[in-house]
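Each of the next two complexes has chain A plus one more chain, namely chain B in the first and chain C in the second.
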Partner chain A sequence: MFDLLLKIALLGVSLSMIGFLYRLIKGPSVPDRVVALDAMGINLIAIVALASIVMDTSAYLEAILLLGILSFIGTVAFAKFLEKGEIIENDRDR
Partner chain B sequence: MKQNDLILQTVTKVAAFVILLFAVAIFLGGHYSPGGGFVGGLMTSAAIVLLLLAYDIKTVTKILPIDYKLMIGLGLFISSLTVAGGLVFGVPLMTHVYRYIDLPILGHISLHTAVLFDLGVYLVVVGVTMTIIQTIGESE
Partner chain C sequence: MSLLHWAVLSPFLLAIIVPFLYKLFRQIHTGWFVLILPVLLFTYFSRFISLTKQGEVITERATWIPSLGIHVDFYLDGLGLLFALLITGIGSLVILYSIFYLSKVKEKLNQFYVFLLLFMGAMLGVVLSDNLIVLYSFWEFTSLSSFLLIGYWNERERSRYGAQKSLLITVFGGLSLLGGIILLSIMGNTFSIRELISQSGELMDHPLFTPALLLVLLGAFTKSAQFPFHIWLPDAMEAPTPVSAYLHSATMVKAGIYLVARLSPVFAESGVWFWCVSIAGLITLFWGSFSAVKQTDLKGILAFSTISQLGLIMSLLGLGAAALHYDTLGENIYLAATVAAVFHLINHATFKGSLFMVAGIIDHETGTRDIRKLGGLMQLMPITFTVAVIGAFSMAGLPPFNGFLSKEMFLASMVNVLELDIFNMETWGVLFPVLAWVASVFTFIYSMIVVLKPFTGKLQLHLLEKKPHEAPIGMLISPIILATLVIVFGIFPNLLSSSIIKPAVASIQPNLVDSNFQVHIAFWHGFSPELWMTIGIIVIGIILYKTFPKWKRIYQWLPERFSLNALYDNGLNALERSASSVMKFLMTGSIRTYLLSIFLFFILSLGFALYWKDAFKLDTGNFAPIGLYEMVLAAIIVIGSISILFAKSRLTSIILLGAVGYTVSLFFVLFRAPDLALTQLVIETISVALFLLCFFHLPLLASRKEERMTFRLNNALISIGVGTIVTLIALSAHSNKLFDSISSYYLENAYKEAGGKNVVNVILVDFRGLDTMFEISVLSIAALGIFAMIKLRLTGRKDKS
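Now for the complex of A and B:
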């Protein structure tokens, strides 16, 4: 019963992943694509968490936190590139 | 034009310490759980990259006055010293030893020389990543 629930949840997350993939490919502007990528990262965290429950292991808990950090840093880097044109500034008081 | 990055800078001040703590945790836990020197080094450099994103190269070198090229050399030195330690005791290279030691607060733990080798890997990974990112970021 619980296994069936987990599989239904995985199916739902996968369907939403397909929706984000549509927005990533179709998105008319670049910020649309960046937001879609960020949400895909969060969805991937959910998939890893559900998969670790299905496989009955706690070995993937580090990967969850890692994906969260990497998705945050990637989104911040994309946002800064879109706003300022450069990701790492040499000297900001110029 | 100067822009105000107050939200990003405030989040960075909290998040960078959490990322650094996570990096140290997966570095030290590498023997018994997934992780180790490589992932720990990459996470440490991710924290420094977050600082670089929120501030700039000049401020970050003022906060962390580290020569990352020297860090690569130090890491290689520590690793090769650990590997060559076998020569002194007449055993093959890369032979590691461990002892169970009772420490006052930490209790019954094992101290292993493999963690010294991993420390070298950690320093090299941080040094290489930060050298690449800073060299690309500095060029106009």
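Now for the complex of A and C:
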């Protein structure tokens, strides 16, 4: 029963991934896409967590943490790029 | 290393010393130092005459590459000795002549004598080598030194052209000779000529026999300027005259003759050999003498005359091969052809050498070699005139000179051909004497032109650059010696017959010549057909010479653009042009095209291999079951990848690429690879950031408008093809798994042997740590490279910082 639930949950998250992917491809503006990517990252966290329950292992917990950090950093980088056109600012340019 | 080896090596050694002699003794003409060596060598070689006369041979061995069966084997028999004497004898005379011909002040004498000595040593090596590889090495050395000598006045364009042409043609022949040598060594399992001769009977039936024969003949024909490879010889006349006299009349062009004579015992049984050698010789004989008549340059006439005489010798060698089929004949009349060939070889070297020297003297004393400007030099240069008369009459075949005897023997052999009843000779044999006779008439005409045009008639002083006068005595010594030899050999031909000619014939026809064989050259042999032919030649020749201006026109029938020279020039141009157009077609400079070719080749070669080997196999037995979420993830990747192709802006492409990368990491999670998933996540993030960086720095040009990728059908086809091929190969590879994986070893031993529970990491740093080390170096190189590329701007503008 629990196994079935897990699979349903995985399927649901995967389908939502497709939804985000649709937004990612279609997204009229770049911020739409970046948000879609960020949400996909969080979706990935969910999938990894569910998958590690299905596989009955704790080997992926680092991956979950890493995903969280990375999707944050990635979103911030994109945001900064969209705002200022540059990710790492050069002090001397100021 | 025997004395014979040192004798061949000595010109090379002296060539090393010559530049020092030239620098040290500026007052003395360098040629005097050089002259000593060939004279010494000549006396050394003439000591062997008494040995070879008794049929003895000298063999000496020095090891070179014993593991490959290549030894510097020298083998001195009648034929080798004849050539060695020619090379050293005429070499001495030519060097003596060159001392007076070349100015001490103006010319680069050090180069000249170095090249000449290189040539002399190489030529001695060619005629004395028993090992075919050694022979080939010396053979190429003669081509090279001839190239250097023809281009001696390298500031002249014609010299460079002639040198290049002769090098291209003779090296082409040399390479085919090498092919023939290798085929011979495959057949006989040896490089030694004597061993090949001893097994000549078995070689005949070998399938490689005819290719080897043709390749060797190609080498011999190009070197000896046989039709149609004769075109380099007239252009080689740009060399200094001593070089023309030495290389292009007496020695180098006879290397091909030597090769044919030397390998006759191996090949001559075959009908192909008989036909090739005799027909090529006859055509060369006719074409050379026919073309010589129209030349206006003295050396040009002599060049074509050399071609024609070489053809004569070659055709005689071919006819001599017929003797092998009549070994039961009591009196073997075809053997006489070989005797005539050897005799004419000697005669030609003497009279052609003297004629070239005469041409050189005329050039030197009047400033021109054009027979239209020359005339009436008889009173001014009586000695030169005498030498020229002797040489030219001998060349024409008049008594009492040696050319008469060999021409008679030649005509006799050609008449004997009529009695041949092998190789369809009954029908075609009549061609031989007719061609030979016509060629002899032309020979007579150009011989008369050579001697009569410059020396008789009106003296046209205003056309000459210098005031003509008799040459210095030093310049005349060599031609006088040669002319004396012409007369001596003409009146006493039997001086040569048993001492030199017989041993040489014995080397060419080893199975036929026994102790009973006697060479007898008689001056008077009755009213034979050949005598009437000679009389006919003289009569018709005189008539044609007198009426020459009237029938000159026939030479205009063959326009210049259909000549072999034009063929060579156009061929060379066409080759260059087509090569460069192929280059331009293939090497467009656009990476897109190269990728197209690479991928096309990939598809075609792998697809063909799959089809040809019938390698595609699909075995669903070992497939794992496919889960639903795997399908969903795969769908995400596929949709993402396809949308990258159709994305309108680059930023969308980058984001989509990141999404695909993250999904791949999810696959790693699903397929239980936590380390890979971690690394993939981090790397994907970094590379997306890098892509953004690149994207930001793209120049904002009008032409770089953000556009959707344009669609090209062939690109689409090729990319689909690559994908299909890779998929097919992956499926068949998976279905063809033959062995179990070795991974169970790692799983069992990771903790036991290496003390780690993470098998991936244990493999990376312990079992297969070396790979990791070099991956680390790859990363450091990449980092350093990026740093260097950013910081180091040698050509660029001044940096702001």
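Observations, loosely collected:
Here is the rule we go by: the second predicted complex is superposed on the first by the 92 of 94 C-alpha atoms of A that agree within 3 Å, B and C clash if a C-alpha of one lies under 4 Å from a C-alpha of the other, contacts with A are read in each partner's own complex, and residues count from 1 in each chain.
To be clear about the criterion, contacts are C-beta pairs under 8 Å (C-beta built on N, C-alpha and C of every residue); 3 or more make two chains touch, one makes a residue touch a chain.
Just so it is clear, the structure is predicted and the values come from calculations on it, not from any experiment.
In the overlay built on the shared chain, the residue A:44 is in contact with chain C alone; chain B does not reach it. Contacts of A:14 after superposition on the shared chain: chain C is touched, whereas chain B is not.
Once chain A of one complex is fitted onto chain A of the other, the partner contacts of A:30 are limited to chain C, with no touch recorded for chain B.
Using the contact criterion defined above for the overlaid structures, shared-chain residue A:83 touches chain B, although it does not reach chain C. Using the contact criterion defined above for the overlaid structures, shared-chain residue A:70 touches chain B and also reaches chain C.
Of the two partner chains, chain C is the only one that A:55 touches; chain B does not reach it.
Set side by side, chain B and chain C differ in how many residues of chain A they touch, and the one touching more is C.
Under the contact criterion defined above, the residues of chain A that touch both chain B in one complex and chain C in the other are 59-60, 62-63, 66, 70, 73, 77, 87, 92. Within the complex formed with chain C, the chain A residues making contact are 7, 10-11, 14-15, 17-18, 21, 24-25, 30, 33-34, 37, 40-41, 44, 47-48, 51-52, 55, 57, 59-60, 62-63, 66-67, 70, 73-74, 77-78, 81, 85-87, 92. Considering their complex, residues 628-629, 632-633, 635-636, 639-640, 643, 647, 649, 651-652, 655-656, 658-659, 662-663, 665-666, 669-670, 672, 674, 677-678, 681-682, 685, 688-689, 692-693, 696, 801 of chain C touch chain A.
Against chain B, the residues of chain A that register as touching in their complex are 59-60, 62-63, 65-66, 69-70, 72-73, 76-77, 80, 83-84, 87-93. Against chain A, in their complex, chain B makes its touches with residues 2-3, 8, 15, 19, 22, 26, 33-35, 39, 43, 46, 49-50, 52-59, 133, 136-138, 140.
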